[in-house]
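See the structures that follow.
Both of the next two complexes hold chain A, though its partner changes from chain B to chain C.
Let's look at the complex of A and B:
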């Protein structure tokens, strides 16, 4: 009969209306600040730098300032300056490690290219700041987070990384048998 | 001292207050006018505020959202927040606009919207203006809103506004016909244009005046026009046409935001926009009030005589409670429809009015006439009801099928595989 389609449509909207009072699936809204957030184990947002010892963040950070991530970063939001000791020899750790999160697009390429498992993706999202220049330029101190924290946000991935690092430790890199030609 | 009749309490209070002014007839007239108009102007903006809240919450739930919930309990203060926002906004008038018409348009829209409320009988003896030709007055004043919308569209000097105004004219003039013609059936059956008489005709007075409470209740309901075949069809036609008449979804083409910005409202801001918004809702209330009066028994509803009263017409629940309940129920259906149906295309809109609703409304007049003269058995329309229903159903099906148009062939894609 003519007009049945309209009645069917009205029934569907009525079902949604009344269902939203009883069925959680029909009212998926999360009241954000009061009722927590929707961060899951799969949330990936901006990168952070991993260090191992909670007491000594700067001493045990995994980054060696090799600048691979800086070179690979598509929007070029990473800026690294390697630290040098008193003699001017490179100290294999960054003096400056900045990420401009207003430029970062969260592509995770830095994570994939890092050979030292030192840069990983964070799941934090409350990054707004009243200062749009300095506030959005994260320095080394802001980016450094412990391995414990990494275990907390992405346990499976962190365990995998730990296993990989442990295997590498056990089997030290083979020393070149022949000197470079 | 007459026993208190809850139904007529307000009316009695008004008469008591006016009895002090018996020696000053002119003042008494002025006070009587104020006493009947001020409540209208006070109550309906409140109803408007409640409806905007209901609409926002209802639409939100239909769309699986929560809706406003930050202002007061369940967001109930949202209309006040909206109002404050509107009042604080800058009133921008386009440089090249026709300033006078631009200024007058919201006023011209609002005045008739409130005026037509005055012919609605909210309760027994509670009608702001008891006019013998109430229904005609309602339709005549109600069609002024077409002019106001076109004034707004024309004076803004904006092509979207003008398009919206022209759409509004075409739509409102087209839908005026089925609207009035479906009302004509009721006028014809009642034999009166007086809204109070139309309501009285829908009540079975001998049942209401009987001593049985159940019969008293039923007598207030069973006579509603909507329970007759012509009344049911007329109610549906009237309701659909009234949706178009007040530019509600799915007939909101004059302010179709995805096509012509906001139509005639494009160049309005601040308080003038708020006036437009309010007038739209007040005229929605008015037209729902009229369809309540014509088809849903006006202020009559399941009601009994108070046990302490021996007045055969006394009622326990005031009639305006039922009137407003029905009006709000129709308003909720409008919100429900808005949450369901998409907007019509312009040619479909016009075709629907002229090729579907209008023939159906004319057919309805004939069915009404047949129902009136069909033989009855003990006052029960044993012939008129089934045959009238069958004729209305068949004409609905036939007109629907005739409107279906040629079946288009399955589209063949030549290049895409």
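Let's look at the complex of A and C:
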């Protein structure tokens, strides 16, 4: 009979419509700002720089300004200048560390190539700003976040990193050399 | 009264044969909702019938190939996500396969299984949303599309859990995958895969017998078998025309030779065949997933030495059966860390070349369905 297929389909839509009042699986929509956000413990968005001691963020930042991430970043959104002490010797930390998050695509390659576990992925996503030039250019001060914060957003990964660093400190590891590229 | 003057008059009923009409040229797109992105069709219409159709694209050109020639091999991996943004996992795999072929890298067993699982999950969510979008083109106002998207969310959650991102996964690496699956992932994946056939049953009840779909899709946009082969159409479009060609069976890349699955074939090559092939392929993908999840071995997932390397001067073409067709990467190395030549063989782009042949003689409203049934993503067409 012509029209039986349509009626069958209507039965399905009716089932889904009325079912959505009782079955959560049929209506998984999350009302975003009111009902919280759906950021999970494994989502990645933009990078941040890790420091260890909450009292002294600049002194205990892990980054040594080796510039590997700057070189490997596919869209070239990282800009690093190494700090120099009074004698002009490199101080092994960045004076400037900028990430242009309007260019960053969150690919995590900087995290993978970093030999010092100093750059990690953040899961924050509410990044809108009225200033499209300065507001989207994150400076060193904006990017620095504590290891405690890292434990909060990605607990498993942070624990792994801590274990790896502890193992490295036990036996004085050879300084990681620059990759062949 | 003179009766001789009273006679029925002769009326001429206008037949319309000598009506002179011009061919109407319409520029459909690039901002047309039915063109699946920034795609334009220059259509010439005689009444409502298509007499000429010229696809115009390039609005989303992002210089992908040239950018890849100026970055390292690893650096192009995240860019491949952005080709066909519905299937980033399979794009990653095709590129990784090409580099592995060129550099002679071996892939651990577990990584091969993870790749198969990810690729089949990608196929499931791509086909489900394609069928949803196709019904949307038919005027179904999004209801089947939203059911498909609802199901797709569960698969995207799995992708996010494993790789950190829902769509731009960037998960495959040369010689494996980036990280091992988190604990509990496989159990959740099993649950999603087990639930999927229930969704497909519902979806098929909703759609396959629907008279509107039948009358609008059957015998519309027929792609003859010979033309499909000559125009090097691949993927579901080719199989809908009745050609038994699936790279998973022909090439047996990865570990596909270990799984038992069938290749569904169409007989007519019309829109309805292309639509049904997708539904049937989803069933086969679920079969593959069940086998892969049951037999996935333990072990390492990548080769940490393969991160930064300079391949010897060589060339390679790696191809996989993507959800849309044969996705291939052609690479030429000159011994430096950057590829000398990097070329993508995008299935969407090549499948689009027969759009005019399928649309000629059809109504303009059918051209929309025909375009929808090819399954294009403009990120891949324009690159």
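By definition in this document, the second predicted complex is superposed on the first by the 171 of 181 C-alpha atoms of A that agree within 3 Å, B and C clash if a C-alpha of one lies under 4 Å from a C-alpha of the other, contacts with A are read in each partner's own complex, and residues count from 1 in each chain.
Note that in this section contacts are C-beta pairs under 8 Å (C-beta built on N, C-alpha and C of every residue); 3 or more make two chains touch, one makes a residue touch a chain.
Computed from a predicted structure; not experimentally measured.
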item: First (chain B), second (chain C), both or neither touched by A:20; value: first
item: First, second, both or neither for A:90, with chain B first and chain C second; value: neither
item: Contacts of A:155 with chain B and chain C, given as first, second, both or neither; value: neither
item: First (chain B), second (chain C), both or neither touched by A:9; value: both
item: Which of chain B and chain C A:28 touches, first, second, both or neither; value: both
item: Partner chain(s) touched by A:44 [first = chain B, second = chain C, both, neither]; value: second
item: Touch count on chain A, higher of chain B and chain C; value: C
item: Shared contact residues on chain A - chain B and chain C; value: 2-3, 6, 9, 12-13, 16, 26, 28
item: Residue ranges of chain A in contact with chain C within the complex; value: 2-6, 8-9, 12-13, 16, 26, 28, 40, 42-44, 72, 74, 105-109, 112-113, 121, 156, 179-181
item: Chain A - residues contacting chain B, complex; value: 1-3, 6, 9-10, 12-14, 16-17, 20-21, 26-29, 31
item: Interfacial residue positions of chain C with respect to chain A in the complex; value: 71-72, 74-79, 81, 143, 147, 150, 153, 157, 160-162, 164-166, 168, 170, 178, 182, 202, 205-212, 214, 307-310, 337
item: Residue ranges of chain B touching chain A (in the complex, touch as defined); value: 58, 61-66, 336-337, 339-341, 396-397, 400-401
